[in-house]
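Just below sit the structures, each encoded as structure tokens.
Below, subunit A partners subunit B and then partners subunit C, in two separate complexes.
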Partner chain A sequence: MAPQTRKAAIVGGNRIPFARSNSAYAQASNQDMLTATLDGLVARFGLQGERVGEVVAGAVLKHARDFNLTREAVLGSRLSAATPAYDVQQACGTGLEAAILVANKIALGQVESGIAGGVDTTSDAPLAIHDEMRRVLIALNGARTLQDRLKVLARIRPGMVVPEAPRNAEPRTGLSMGEHQAITAREWQVGREAQDELTVRSHRNLAAAYDRGFFDDLVTPFLGLTRDENLRPDTSVEKLARLAPVFGTGEGATMTAGNSTPLSDGASAVLLASDEWAAAKGLPVLAHLVDAQTAAVDYVHGGEGLLMAPAYAVPVLLARNGLTLQDFDFYEVHEAFASTVLATLKAWEDPGFCKERLGLDAPLGAIDRARLNVNGSSLAAGHPFAATGGRIVASLAKQLHEAGPGKRGLISICAAGGQGVVAILES
Partner chain B sequence: MTRVELTETPSMRALFARAAVTARGRGGDLPDTRLTRTGVPVDPAQLAAYDRVCSFPLADTLPPTYPHVLAFPLQLALMSDRSFPLALPGLVHVRNRVDVLRAVRADEALDLEVWAERFARHPRGATVDLCASVSAGGAEVWRSRSTYLARGATAPEGAPGSDLSVSVGELARPVATWRVPDDAGRRYARVSGDVNPIHLSGLTAKAFGFKRAIAHGMWVKARALAALTGRLPDAMVVDVVFRKPLFLPSTVTLSTAPADGGWDLAVRNATTGADHLLGTVRPL
Partner chain C sequence: MSDWYRDLANSGVGATLVRQLGLPRPAVLRRYEPGAPLLTGPAVVGTAGEGRLQKTLTRVLEDAGVAVLPAVDADGERLGAVLLDATGVTGPADLAAARDLLAPAIGRLGPSGRVLVLADPPADADSPAQAAARQALEGLVRSIAKELRDGGTANLLLVPGGADASVPGPVRFFLSGRSAYVDGQVVTLTAADVPEDQDELRPLAGKVAVVTGAARGIGAAIARVMARDGAHVVAVDVPPAGQSLAEVANEVGGTAFQLDVTAPDAAERLTAHLRERHGGADVVVHNAGITRDKLLVNMDAARWNPVLAVNLQAQLDTTQALLDSDVLGSGARVVCVSSQSGIAGNRGQTNYAASKAGVIGMVRAWAPAFAERGATINAVAPGFIVTEMTAKMPFGTREIGSRINSLQQGGLPVDVAETIAWLSQPTAAGVNGQVVRVCGQSFLGA
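Presenting the complex of A and B:
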């Protein structure tokens, strides 16, 4: 049976202000933040005791005890305990992927409503015991006699007691994400000044959005924070120019702590539904999730940049929907690093890249920069990995709704592992 | 009635010590002193530690039992003072009622007032209620009544009988099993400041007639309410009685059942089925 499909509506969202690592949310766990965020969404849309179709969320940095993180958060929230939930994880694409999964079930009529979210903490991060120590302890558990146990214990060496902290590094290359991006920035000749300018715009746009009350129904204060802690409304290209590069080496190093996203803590959630469900509850429809696409690149042996996968996903999405890159009123390109955004835009303008890598006859072309990240993005807000997708989906849906019916927005998010998740929203 | 305002939290170790050395020779009626503190802020780090030990999520509203931690030092100051008729060592917490008049935010400055009342007769001695009232912005937001039993003590002539009855439904089905470790008392002592020796170690508990260390009643109550996070009314009365001491370590069960818009609760020994806590949650 070919199922009838329908477009999932984005009803609204909620997030907590994003905090810098080891700051306002230092004591908060992923579960604390996700629960608070769900409860904020419940309060905003009158969902107390409600059984929504499904709650889908995830975290990138996750404790082993949090294997059922989202379901546990649901059980601690004011949603009905009969609300099913599951976890997803696609690195920084987690939040958007969660929204796509919920939207697809709504599109197929399998659920009428759902919540997509994500959360991450770099403060309350899991520490793993030294891998050799882990093997010793497992062997110890299996040892039957005292003699066996003593033999196993004798394998312990002093160095093994040092725990292993999670690293922001690709397992196959040993390079951090910033180091990878520094290679891409150099390849695409993304200049320092252009990166700093993009960074300043992100801060100014986010500050302006707060000032005009844009986030009043998107953000709920948490643990004393009312705005994103990383936001620097008064930053400037001059101030940013003073920062020393932190990624890359030598003359060509352009990436600083200012034009890269900081480690951060936070959570976000988006309420999606069928139009009928929203209407029956008297809730608004801000936009619909029209279509989505993922892509991945071989950044290990294939010579492509770690964060360039969205450049590949977008043309596939455009072709399927009969659109050009210029057919959008707003663009949300996740600012993992300022140079990621700029390299991606350059790639779409580059005839060689578009022909050889994307297999296109003509380049996708330039976009109107005035439509890019109009309410700020990750450079200013911070980037708690899995929470970024939900932040972007809810903000873009509201922006499209404010602009009026028939407006279209493109979301592009890069992720570790050489992956990209992109989507189209329409009001 | 005299009202005495304290300007800082008294040291509870010192109060326990003072109560121990001045235990003998007490008697008479309850003092009519009220101890107060004003504008007490909640320390976010202490709250986070309390949340972790009691299994509450870290949130912007205080757990329903948290104001007790703020008021308890004042109650201890009252009880350890020579004017208090009962010896602190040996007092057992047998009932606790908390009224949450509204959700209290963690960033509100709180005014505390504590006093003692209801000196009452009990078949095994006498009971006394230590009360607390917590206000924010001039309005009461939380109050509590902790009933303590002094075994072998005598209530004054004409004192009423003590009321330790909380009635709950059948509660046949356990919903959760907790393994309560032997350091549960020490962990709660660290976050609450309640360093009563009966909770800290087997040795110190034996000195006061308990075979092993026992869990704090307020920890058991908090842990039970934490299990109902997201399912509690914003304004409510939580009234519990503490029955058999919860010896550490123990495995216990929590039973819950919806009742009158709230809940009935029981925490019982997993092996013997003996009641440690019975209680009710009702919306206000």
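Presenting the complex of A and C:
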């Protein structure tokens, strides 16, 4: 047993540009995208034939055939075929959770290096056959005589041939994520203009980061796409104001296709290692993963918003590390919706919420908004669910590295099922 | 990419047809394979006047396992090469000996045979008569190159006094399949600190080689040849070319570095990357280049500026930054890709030709400073090289373009790559400030 733990280093990352649904990557599968992303990482860090400790990745929308998605991607990549891999799935928290899992094994000395990733496609989504039809086919498989088979086949009805598409809805409430967030936005009185302003900042920051070459060693083009397809550098509050609300109803509806993330396709990967492994390979250490926390809320019966779990996870993480919310140089709050970010920030500033829900004596307080999502986030880049964590970890680690040693960053990602995954990086 | 006409001219019926019609018969060139013999037959080494290099030449050949014959045997095995040591010529009368050696030898040359002449530079001559004789050799070699058939090449090495140690590496190159498409060229050697020998199978082992424009075409070929010869390749190209760049890097076991070489901080980022990730660089190949063709009267700034920026200014800026940094290893090699257009000019390519001619000026001006630090800087000027770009040319233009050279065919990206890899070798230390054309002795700008 390793007597002590160590902090895992983030060496670097790679992702493919994120595409809008049914567009540039319409013909690409999760395995295609994850394999290409791994190969880009291999090329960046010279890992051809390398057996890294473990590759951990996942997808939120997954075909049945992809039960071993990550391992299959490893086998198709230039990594050593002797590299172990496993899949994880924690909704939109998948990518960050994968990084935490790899970092923890490195911290314990169980592996020296690992790759964490995530991929999702909303274009090549799995369609399931109708549940009744599925039962018929299973029964057919079990039928022994011709007579039995005919009897089973006679159960098929026309309605049963319609496939079931995956739905972006919570199974327990039947509400889509946007509809859930619309409730939260109204509760926290997050205004339309504030959401549109945050959206514009996301686009401008992402465009500026591309223009200054920030993504030159973070992104590898794929299938002709060289930048995130959703990026609109010239968008403005005026342009966004013209969009009609798509979530919520009536006067109070503020959430539009502009200030919500679009369905998107893409993949990301992060290379983590012990400091020693990185040094031996001549590879940089951009930052360390210091600590992480998950939380979940009862959005079904508990009266909490579906995407508010990070608001609960962060104070636990801060307390354990003896930090305040203001002790960070950069904040990466995943923009599932502009109103998610704004509601979370409001909650941390709200004495009532912090006292009653979080059990704190004083509110966590406001953050310096100039430090928030400085290189753009999901509103501009898009949000292929499981790929977002890897995008954020690699970008934040690079940002911290550029800012110099001893800089600290906070990552906050909300996820379906009322969950949240948060982490601290430090350069 | 296939050369349909060459394949026809080398087929049974096609060969007969082509011969009877008196059409050109391009040969299948002998190209380098690791471990292949230096030559496919014995070599004859002779002199004109009292030369000083015959022993060196014989040793190079024998070390490579080539049988050296004292004279041509009219009934013997086909020759792989004939080498003439003309360092002893004092006047035109000595040239008769050149004819005496070369005429029968060339008649006995096998496929892709080699004619290599070594002499002193005319400028160093003691008398006008000696200068005339030395210069005459250039006319002789260039004409032989045009007369040779079946993939044969003829080249001239000028060896100043004191540069004899620089001879073996270049001799091996010009005899080997690495120089398949280098024909009718004159290369002047200089005195340098040249290692006695090198690992001929992996001459670049342990070297870090940066190749710009490595995502495709000639750049990808350079990356492959460099890696084959043992180098770790840092493959550089613009970020939009990243997918194919990653594929090239993975294929050659190198690393991909996405960088727009014209970005204001490009040189700084490249040097920082090389220092942090590789502890420096030994070889830098400036291959990145673009074309924006238009007649000058219609050429706007949007076509002119980027071509000059990528093809010339970026080479200047990057090289200067590398020289100013601690990144370039001792004995560093910089190879810059110029072009036939930079020598001959080309209609519709004023911008491109200007940039590529500029590269030649840059290399020559920088050579002395490189020599001082035991390094070299050279240019390679490709002629008609068969790439994806030429595949898009109209049929007629492409066919004519590929035939108007002594080898009657277009070159391959690997031919350019082999020349660059040779200039990067330890034993090429005595080749500095040179412009080596890889053009099959193109009729353009000759």
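In this section, the second predicted complex is superposed on the first by the 425 of 427 C-alpha atoms of A that agree within 3 Å, B and C clash if a C-alpha of one lies under 4 Å from a C-alpha of the other, contacts with A are read in each partner's own complex, and residues count from 1 in each chain.
What we mean here is this: a residue touches a chain if its C-beta (ideal position, glycine included) is under 8 Å from a C-beta of that chain, and two chains touch if they have at least 3 such contacts.
Keep in mind that this is a model prediction, so the values were computed, not measured.
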| item | value |
| --- | --- |
| Touched partner set for A:282, first subunit B, second subunit C, both or neither | second |
| Most subunit A residues touched (candidates subunit B, subunit C) | C |
| Partner chain(s) touched by A:213 [first = subunit B, second = subunit C, both, neither] | second |
| First (subunit B), second (subunit C), both or neither touched by A:46 | second |
| Touching partner for A:32 - first (subunit B), second (subunit C), both, neither | first |
| Touching partner for A:222 - first (subunit B), second (subunit C), both, neither | both |
| Partner chain(s) touched by A:324 [first = subunit B, second = subunit C, both, neither] | neither |
| Touching partner for A:68 - first (subunit B), second (subunit C), both, neither | neither |
| Partner chain(s) touched by A:189 [first = subunit B, second = subunit C, both, neither] | neither |
| Residues of subunit A at both interfaces, subunit B in one complex, subunit C in the other | 36, 39, 78, 221-223 |
| Contacting residues of subunit A [partner subunit C, same complex] | 36, 39-40, 42-46, 48-49, 78, 213, 215-217, 219-223, 226, 282-284 |
| Contact set on subunit C toward subunit A in their complex | 232, 235, 239-243, 245-247, 249-250, 253-260, 263, 265, 269, 276-279 |
| Touch list for subunit A against partner subunit B, complex | 27-29, 31-32, 35-36, 39, 75-79, 81, 221-224 |
| Complex contact set, residues of subunit B against subunit A | 44-45, 48, 57-60, 106-107, 229-231 |
